[in-house]
Structures are given as structure tokens and as C-alpha cells.
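I've put the structures underneath this note.
In the two complexes that follow, chain A is the common piece, with chain B as its partner first and chain C second.
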Partner chain A sequence: MVEVSDKLKSEDGKKDAFLGIDIGSVSCKFVLMDTNGEVLTSVFLRNRGSPIDSAKAGMAELRDKIRAEPDLLNYAIKCCGTTGSARYLTKAVVGGDLAKTEIIAHAVATQSMYPDVRTILEIGGQDSKIIILRDDIIVDFAMNSVCAAGTGSFLDHQAARLGIPIEDFGDYAVRSKNPVSIAGRCTVFAESDMIHKQNAGYSKEDIIAGLCDSLVRNYMNNVGKGKELDEPVVFQGGVSYNKGIIQAFERHLGCKVIVPKYNVLMGALGMAILVRDYYVEHGRETLFRGLEVSDIEFKTTTFHCGDCPNNCEIVQVKMPEQDNKIIARWGSRCGKWDQLT
Partner chain B sequence: MGLSTTGDKKRYKVGIPRALHYYRYYPFWKKLLEELDVEIVLSPPTNKNIVEEGVTHGFGELCIPVKIYYGQVLKLVENNPDLDFVFVPRYVSEVPESYFCPKFLSLPDVIKILPEVPKILNFEVNVKEFPISTSAIELGKQLGKGQTASVEAYKKAQAYFDEYHNFLRDGGSVNHALRLVHRNLPFKLPKKEMKGDLRFLLLGHAYNIFDTFINLDFIKKLHEQGVEVLTIENLPEYLFKKPVIVNPRGGVLRNYWQHEEEIMQAIRFFLTKGRAEIDGVIFLISFACGPDSLISELIMRDMKVVGLPFLEIIMDEHSGEAGMMTRIESFVEMVRRKRKRLGLEPRWKSKIKFYEGT
Partner chain C sequence: MLISFPNMGPNWVAFKTLFTALDLDVVVPDPTNREAIKIGVKYSPEFVCFPFKATLGDFVNAIEKGADTLVMAIDCGPCRFGFYASVQERILRDMGYKDIRVIPLDQADLLEFHWVKTLQEVSGRKDLFIYSKYIKAVIYFLKKAKLLNDIQTAEGLFRAYEHNLGDTTRVVNELLEKLDKANTLVELRNFKKVIKNDFNSIDIDKSKTPLRVGLSGEIHISLEPYVNLDLRRKLGEMGVEVHQSLSLYDWVVHKFHLNYHRKWLEHLAKPYVPMDIGGECVWVLGEYIDKAKAGFDGFIHSYPFTCMPEVTARTIITNKLKKIYDLPIIYFSFDEQSGQEGFRTRLEAFYDLMEARREREIKSTPEFMANGQKKIYPQYGGEFYNEIAQLIQAE
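Showing the complex of A and B:
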């Protein structure tokens, strides 16, 4: 069994392991990594209602995987880090030592595999980002703003509408000989454009290829706006499974687009690397609650503050098994509820 | 008309909405109106309820600061049914070369549409047509004051406004200074000074960067990340004397919009002599702001040339805290990692060197 190490020095025979957790808008990822940066095991799950449920479900699955593999029993988790839009909530729940943004985590992971990377494209379920690196240093980044056009959720929706499993989406696009042109500015327009083209009798292959093209165009205009996209270009995130999109990117950029081995796990992997470095630098005792976190009950409650006209909605996370101890609380603009006592 | 009386004197009660140009001119207006013997009421700081009201009454194409202005006017009227006037100035042009955004030009006309708005006290600034002293005389007329009294009031207001600007240039923050103005306190820097290991220049319209509700207390968020914040109000006057020529080769192409011109003028300093004085630039833009989106592109290109990290943040009424935090944290971390990687020490001193008068 992988244990949580409560000592700073390695216990007899146990090797160090580091856990990175990335809870995004659609899925959650867990990576267990050793000191050398090798991925020991990983978990990828669709989100379960709330980040807390997702974190617990992921922990349970991680525990099962570790139990099934005797090799992993020789490791002890030294440090745990969280990233993704739910990084602070997850950190509070699992007892994370460090929380960093997705931008940093993704860049760190990619750099560990491709040290000379200059452009990182990332398209996930709800958001997309671009990271520009020069000489090993992140120099610029951008994320999609309010508009979630051209992300995984949209592709999911269109796949369902066309009656094609999302896994086959890329294959359809690749088979197309004459991609139709689809409006790329906005997915609402893209959808109606697609329906017109469908009703006009164009093949699914050509429509899907056209859609991939318009999605990439949208990404370039929205997220990649004004940036110099130099080689090597690495493409990651859930959408990087889609061959159609990869090809469309290559057409647009006129260069090869690399998809890393752990394309959907990069955020979690980056976080594992970040906590390893954090551990090496600071050598602190971990706050990690252990994989048994999946058995601990957490309760979130919300209330309206009501002390001023803003009437902020305050969220708090409690542990009912420990006298309803409040482990996290936020949501107030003025900050008066941020203190836990 | 409900004139309030103090002793034998009748004083008008004038409401000022805490929005848009409030963040730029409030000390001037306050002094001017008080010298004209007016009782001033200010609407409360922006809150959720004010934004909701403003969004309901503003049509979709408007930027959020104008919608907030609507909300602030309505709140002002609701809280003070006995107002004689609402002060809605019309700023057309403050320097002969440039204009304010059309939304400022039409403000008094548009505000009339809102329900139950009392008489509007107009103050038209248009130096292309007439000097500001004339604007003051026109303002005085509406309040039953003579020419001499109005010009006197204008002079005093301008002197006070200069004092206010000097305080900002000495390092006072706008929100701190406005609080002092509101409470009639002398200009004094706070004892506790914010110290950080990074210093960013925060660009944007004053009503975007100092309305702490709509920008989710952006400056405080930067402070919490250990970042000192500089705004263009803190920069010396001489930087704003020389016009920015956008395209030197294509003849004299100048900025048409005043705010944007000021931002570009400030940027010029940091592109050249002031390069080492800051670690990064953040531009806070409200969604649908045409002028800002235009210069944002220009600034981005300039920043690339000198290698200063640049972040553009677009905000709107539904700005989520999480999205903004991710951007701020990533940006701050990016700059820190860069510095660590290159083994750089902060190059700036506690006080900026401006090479006065050059």
C-alpha cells in the first residue's frame, strides 16, 4: 500500500512519490510520479457533480490501481499539489501542499518532455489556452475569455448531434477529401451553418473536417491572437485526441504539431513535478490526508452574508466526522469570512 | 422645488453618481460645487444591487461602466428623493487635440431617459469651443450664481485639483486620495506602505481600475500576490506633455481619444528610460470598449519589442473570480519564474526615477 509519509527522510525501503491533481471543468486527472519524473500510475475521470466528489472518486480509483500493482507498494507519497479551476477547493479537501494555475502546470510538464518547446496549444473541455515559451521561459500566455467556442464540450455536443461517437470524430475528419467551410467566429453560428450544410446533403466527413478547420480558426483568432507561434509546437488537452483538429492545426501553422504521450494528463503531471521541486527545496512535512480521503465525508454549505448590499454567497467546506471542522471558506468580497476561526 | 435651508441661506442639494468620471474629477467637482454653495450627496460605492439595476436599464451594447453609471444615478435618486439636481457633466474635450468617448458626450441626454431623475445639472467641458472657465460660468448660472463667483470657484477648484494631482504623483493611490477628499482631510500618505518584490504598471480607465466592485478588487489581488501597483495617475506631468505619434512614417497620425492618448504617453516612458522601473504591464479593459481594444494591440506590440510581460484582462458584468485569479496568478508566477531563471534581482529602487524635465 502506498502510504503517506509523515517523515521527511525516506523510510526504510520506501521510495518517494509525488501526486499531482488537476480538476478541470469537465474531467479530473491524477498523476503519481516518482522522483525521476516517471509516471507511476494515473487516473482520468469525468467529473462527478462537484470537485469534492471528483477528488474522492479519483482517490478511490487511484487506491484500487495501487493495490492491484505490487510494484507501487514500495512508494510513499511525499507531497501533493493541485491545479485546475478547482485547485483551492481540491487543495483544502485532499490536503494539498501547493496549488498552482493550469498555465504554469501545463508549461512545466511540457518542458519536462520537450525542453526546447516554444508554443503550447491546450484545448480542454471548457477552456483553451496558449502558452508561449522562449529559451526555457514562459513569456506569454492567453486563455479564452467568456466565449467557450471551439472547446471539447462543443465538439461533444456536435458529435452527439451527428450521431457519431466522439472517439471517431477525428477519423471522419481525416477521411474527408473536400472540407466544407463552416463559420468559425461563434459556435452558435457554426452550428446553424452545419445544419444548413447537412440539409444540403454534404457528407458527414466533409462537414466534420470543415468544423475542425473552423474550430482551429476560431482558436487562432481568439486565443492565439497576436502571438508568434514558433516551432516546436506541442498540442495537449482532451481535444488533442482528435486527429482532425491536429491536421487542421498543422495546415494552419504549416509545421508539425507534437502530441505528447500523456496529452490529457499534462496539468496533473506538471503539478507532480512542481510539488517534487517544492519538496526538494523546502522539505516540509506534507499536509496530504492520504488516499483514504475517498472515505472521508465532506460537506459544503453556502449562506448569504447579508452584512452589506453585496450579499455575498459564502461557501464553506466542513468535515462532519471532526466536529464539523471548517477546512475552507471563501466567497466574500471583503475577505471577512476568509479566516477559519 | 425642495430647497434645504441652512440659516437664511437656501442651498441646492446636488447628487453625484459615484461612477465614470467620478474617479477622475471628483475632487475638482466637489470643490467647484462647494464654492458655489451647494450641498453634495454622493451615491454609495458600487454594489451588486447597483450593477443589477444598471444592467436592467442599459441596453446590451453598452460597456459595463456606463451601465454602472445608470445604476448609480438610480440609487442616488432612490436614496435622496429630495435632490434638486443630479450632476451629469458633459465632457467633450479637455485638450484641443482629442475627444472623450461618445458615451461621455451624450451622457446628460441619455440620463434623462431614466425614470424619476430630477433636473440635470450640466457642466460642459469642451475646450475646442470655449475655455473651462466658461463651463464654470454656465454651471453657476444654473445655480443662480454670478459670473465673478463662478470664476472664483473655478480657480479655487483648479488649485485644489492641482494639489490632489501632486499628491498622486508623490505616490498616493487614487482610492486613498478620494477617501481623503470625501472626508475633507488633508492629503497624507498612509503610514502602512505596500511592499512587494514585483512592480506592475496597471493601465486602464480610472473607472475600471478604481471601482473595486466591478474589477473584483483587482489592485488588492495584486497586493496579495506581493505586487506593487503603479497607475498612470502616479506618473509625473511632463510625460503627458508630448503627443504620441502612432505612425511617424505615415504623416502625423495621433490618438483621437484622450484616455488612450494618456495611456500611450505613459507607456512611452517605460519603453525607453523607464524600462527597468517595472516588471510587467496589465491592461484592464471593459468588454466592448473600442478605443481600449485598439491601443491594447499597439501596446502589446511595443511590449514585445522591449520584452516587458504584458497581460490584457477583459472584464464584464459576469466576471468570475476564478477566471481572473487564474490569469493574475499565472502572470505573477510567470514573471517571478522568469526572474529566478535568469538570476535577476529587482532592478527598480523604492522610488521611481523619472528624470524630471527631460
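Showing the complex of A and C:
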């Protein structure tokens, strides 16, 4: 565990807690952490329409959880950080103190559990990443940039097509003795290959195991190309619930693949750790609006700038309760509208 | 007759002077924008590289503004760029612009003087008396291109130090206007001082020690801010010094066989790629080695999606050079997509990566910034670079 400086003092008898929020493309994660890095409580939700709605829904659930557990009432949230693809929007809405990329957040969280980690594989709903660490710092990373092949959404879709719940997907793959070969280069090929094999009478188990193999191959070629994947390897993100994929990775890499306890919450946990360190360093008053943020109304409006031929679409988030105060605005290519004044 | 040419960042200033010095009328296309890209993408072959689409969009925009003669650079291979002009002319004809001429400007080897033919064709005169004008045009073009290169050098350094975000961008835009209006040799000769003075008026924080990043890649993508999502400005505003020797001037001088910096880069890259295979492959490899040896914090390689020579460079760097020189590198392949989120995430993560490395370096070598003096990295750009670097030195 990371040591904590003595600057952290508990006021009015309440202990400090830190909130990390990770709003991704498919789901949103909230982690409440104490100063020692222990997870107090967490929330995991599917996204609801917009990041603002997701953030509010998550906050409401977090509030309910805290009220339900008397222990948690002794904590006060000192700092809040956001990550994920909607980090700036979320930061503006909940009043975050820090926004960092999910790559850093994942690396920090994994390092807090496995300090000697050298490779992090992360496959989420829409994107996949690989992070290479050496001597405790990130030396290389890659994200899928052009193609969502081999991510959670694709597996979800295929599970629905085969008529099995996604939760059982991994068990099917593990039962297979002879995985069939499925094209791994592109999900379009993979899908037509699967349909063909299905109609030819192969068992579901073998097809699913073949699919897991092809997904891993795709990941290695697209995201992990040219990188040295050394042990220890940590695998996280939603897809790491899938035992079939874990086995396929182990076969492919020829080493053990560790799945951490909070495999889907790693981004949010990393953010909580990052804000704790930020708080220890700066000790600043938080901008966090509190858990009541779920009751505040936010309105987004868009307009076209029209000052140059680009005619950028500017998005702004307003708070109607405070005379339409603009809390965030972006979308201009030249950066003109980014300042709020 | 109205002449036009495609956009390539601020280089319209130089192209414009090439034709106005011949007493021709010039129309400059609007800065590349969403509308132009939309048109370019609509009428181009789907799988062609992105600069083709962007420049086609610029041409359509210029035609709508009244241009009837378009000048496009060509090359005799080795990549698809060699055929841009002829294919674009056909596409424009098919689109219904029947009397548009696309005049190729052969820049395969400028010492073969094929470009004189282009100037003859554009000006419509072949007599000997016009030659004095050609000389004037070329001198103005080279001088302005050099000054644009200087502005780019200064911009890359100053933006990392500015107090108020956007000051450097404003100064650069004003300088481009001023340079466009400077049309006598005296003014051009004194223009360096103007650049220095204007940049010196920016309120900068000299105590900073920003990260240093080298930038290279395909020339159109690297120079056109709309296409590369304003990479240079974004890096600068994150507080990163941007060192980019690639510019129009750099390229033209290279084609006159006088660019010794590129010769040096070719020498560095020789063990990996022994000859020019198109794009900027050889020089990207050279730059990477050069910057790694100079102790830079990172390197950014930008290129159009599916660009064969640049992908070759990328593969050689990941599989060979990175293991030898250990300079962090990030690749951006640009296409028509304008979603900035993934781009920003990777850029920010790359910044954090470089910062963590820098911190470790400071910890392991306490003398890294011991006497408060920043190390100036020697860079091609000669005297002017050194003068600019002195302006940002801590007192």
C-alpha cells in the first residue's frame, strides 16, 4: 500500500474518503476509497443515454449505499477524480478535482495491487488497451484506434446470437476439447466463419473456444503488435470475467495471467488513488458538488460558432438552477470557446 | 486567369508570392475546413490517402472562389503522390468543371528545372524577357518559405513557455499576415527582426523546463493543422516544446540537393532503409535517431492512414530502433474522422508517460537541472534557432 502523509487530518470526527469515477463507453464505475487504499464501496452501472445521466444515476446509487451502511456515514469525501472517455464532461458535472486518462488510472490501480507488474491487458466494452510498464513507470501503451474488433460488445453480440447468456460464455469455452479455428482478423470474417461452423454442426463449446482464441489473436495483432509482453501479466476490464479469454491468453502468452479482485473497477480505483495523492500534495478545498449532484438538473445546448468556415458545433453544459451558469463548454477546433469567461 | 493551389498549413504565403511575382492573379483557398473535407471525401476514390482528399476539397473550394488554373506538385513516384495531379484533374472534369486546368509542378528533382516549364505554362510566356521575373519569383518564394520555417521554429519553442494561452497563436497569425504583405526585398531581409521582436513581446515564463518532443511524418499531414487536429498547438498548450525541422523550405532545399541536414538524416537511417522509398520514411527514421541522441523526451510520428512508406518507418521504429534508442514514440494515423477524444486520450497519456520518465531521470541524475541552466539542443535551423533559443533562456 502507498504510504499516506500526516497532512491528512480528520475533521469533525469524520474519516477521509476519495471518490474515483470511470465513465466508459458501455458502463460507468464509481469507487469510494479510504486513505489506506481500501475500497469502501463501489457502484457498477450500464450507461444511461448520456454521461450526465450515468453520473447522476451512479451518484444516487452511491448515496443509497452509503445511507444503508452505518459505517460509511463516518466518511467524508475529500476529493473526486474522473477518468474514461467522458472524463471532462463528468468532471464538470460532478465537480471533479482531477481528470486523467484511463491509461494512467489503470496503471496506477494495478501497480497498487501488483507493484512489479510489467504488462497490463485491458479489454472493455468498446475499446482495448495494452500498457507496458518497466521499473514502475509506463514505457509504452496502445489503444485500439480504428476498430472495435474483439471487445466486449462483440462478445455480447455473439453470445446473444448463440443463445447463451454472456455470463456463461467462459464456462462453455472452458469445456471445449478441440477449439475450431475462427478467422481473427476482422469481426465480420469471424462472424461469417462462426455461422458457417455452426451450420456445419460443430458444438457450441468448440465454436466459443475458437472465438476466444481468435479474439486474443486479434488483440495481439492489433493492439499488442511489436511489444514485449513480460510477466507478470495482469488482465482487467469487463472481458476479464470471461474464463475462456483468460485461458486463451494464457495459451497464447505461455504464462500465467492474473485477474485482479476489482477487475472492472480498476479505472475508478486508480482515479481514487490519483486524487488521494493529489489531495495529499495540494491539500486544496474540493470542488466536489456532493452526492446530491443526482438531484441537480443539468442542461446541454449546442450552437454553431459560425466565425470561420469550419462552423464548429459548440456544446455547453448549463445549470438551470444557478441562472443558467455555464459549467463546461467545448467543441471548437481553434480552442476559442474553451475558456468559460 | 485566376491561379490557385492546395492548402498546406501556413505555406499559402509562399505559394502565393510565387505567382504574384509573375504578375498573375491568385486566389487562396479557404483554410481547410469541414466543408472542403466533405467534398474531397465524397469525390475521391475511397482507399486513397488522406492528403489527396483534402487537397481535392481545397481545389473545389478554390474553383468556387473563381480559380480556373490549379497548380499541384507531382513527383515521379515512388508512392501514390506521383499521380495526385492527373487523377485530380480527371475527377474535377467528371465533376463538371470542364475548363479547369491542373498544371503539374514537377518537384522530383528541382535541379532538372522542370518547374520552369510550369512557370512558363502558368504565365503563358516563353520569351527570354520573362526569365528575370522567374528569378524574382523563385527568390521571393524561397525567402518567404525560409521565413515561414523560422516562424514555425519559434512557434514550437515559445508556446511551451507562454503565460496566457493563445498568445503565440495570435502572434503567428499576425506574422503570417505581415509576411504576406511584405513584398520588397528590403522588407524580406529585415523580416527576421520582425519575427524576433514579435515573439519577444509574448509574456513568457522563462523558469519552465518543458518536455521536448520531436515531430515528423508525412509532410502534408504534419503541416496542415486542420488535418492533424492541431497537433502542434495542442502539444504546445500542454506545455511541450515542439521541434519540427520538417517544413516546405526544408523540402524544397532538399530537392535542390542543398539540404545537408537531410543528408545527415539519410546517413543515420542508412542501415535500415538505404534509399528514398517515398513519403518521409528515410528522414523519419533519421529524425528519430537524431532526436534520441540529442536526449529528447519523446517523438511523434503522424501520417495518413494506409500510407505505405510511413507504415514502413513505423514498423522499423517499433521493431528495431525503439529497442536500441529507447525514445518514447507515439504514432498518429489521420483520416477523415474528426473525433478528438481518442486522440486526446492518447496524447495526454503520452504526456504523462514522458513526464514520469523525466521525473525518474531527475531523481537518478541530480545534476540534470542542477545549475538552473537548460541545455539547448542543437537543432538544424542554424543561427536563427540559436537566437530564438536565447530569448527563452533563463536569465
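One rule holds in what follows: the second predicted complex is superposed on the first by the 332 of 341 C-alpha atoms of A that agree within 3 Å, B and C clash if a C-alpha of one lies under 4 Å from a C-alpha of the other, contacts with A are read in each partner's own complex, and residues count from 1 in each chain.
Note that in this section a contact is a pair of C-beta atoms (placed from the backbone, for glycine too) under 8 Å apart; a residue touches a chain by one contact, two chains touch by 3 or more.
Note that this is a predicted model, so its numbers are computed, not measured.
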Review point. With both structures lined up on chain A, is it a clash or a fit for chain B and chain C?
Key: clash
Review point. Is A:Asn221 in contact with chain B, with chain C, with both, or with neither (first, second, both, neither)?
Key: neither
Review point. In the superposed arrangement, does A:Ser181 touch chain B (first), chain C (second), both or neither?
Key: neither
Review point. Which of the two partners, first being chain B and second being chain C, lies in contact with A:Thr301: first, second, both, or neither?
Key: neither
Practice item. Tell me which partner A:Asn311 touches in the superposition: chain B (first), chain C (second), both or neither. Key: both
Review point. So, does A:Val139 touch the first partner chain B, the second partner chain C, both, or neither?
Key: both
Check your understanding: Of the two partner chains, chain B (first) and chain C (second), which one does A:Arg333 touch, if any: first, second, both, or neither?
Key -> both
Check your understanding: Which parts of chain A are in contact with chain B and also with chain C?
Key -> 85, 100-104, 137-141, 143, 145-146, 226, 308-311, 333
Revision key, fill the gap. Within their complex, chain B touches chain A through residues 44, 47-50, 213, 216-217, 287, 297, 300-301, 307, 309-310, 314, 316, 318, 322-323, 326-327, 329-331, 333-334, 337-338, 341-342
Practice item. Show which residues of chain C lie in contact with chain A when the two form their complex. Key: 30-31, 33-36, 165-166, 226, 229-230, 233, 237, 305, 315, 318-319, 328, 333, 341-342, 345-346, 348-349, 352-353, 356-357, 360
Exercise for review: Write out the stretch or stretches of chain A touching chain C in their complex.
Suggested key: 85, 100-104, 135, 137-141, 143, 145-146, 225-227, 308-311, 333-335, 339
Practice item. Can you check the complex and tell me which residues of chain A touch chain B? Key: 85, 100-104, 136-141, 143, 145-146, 226, 308-311, 333
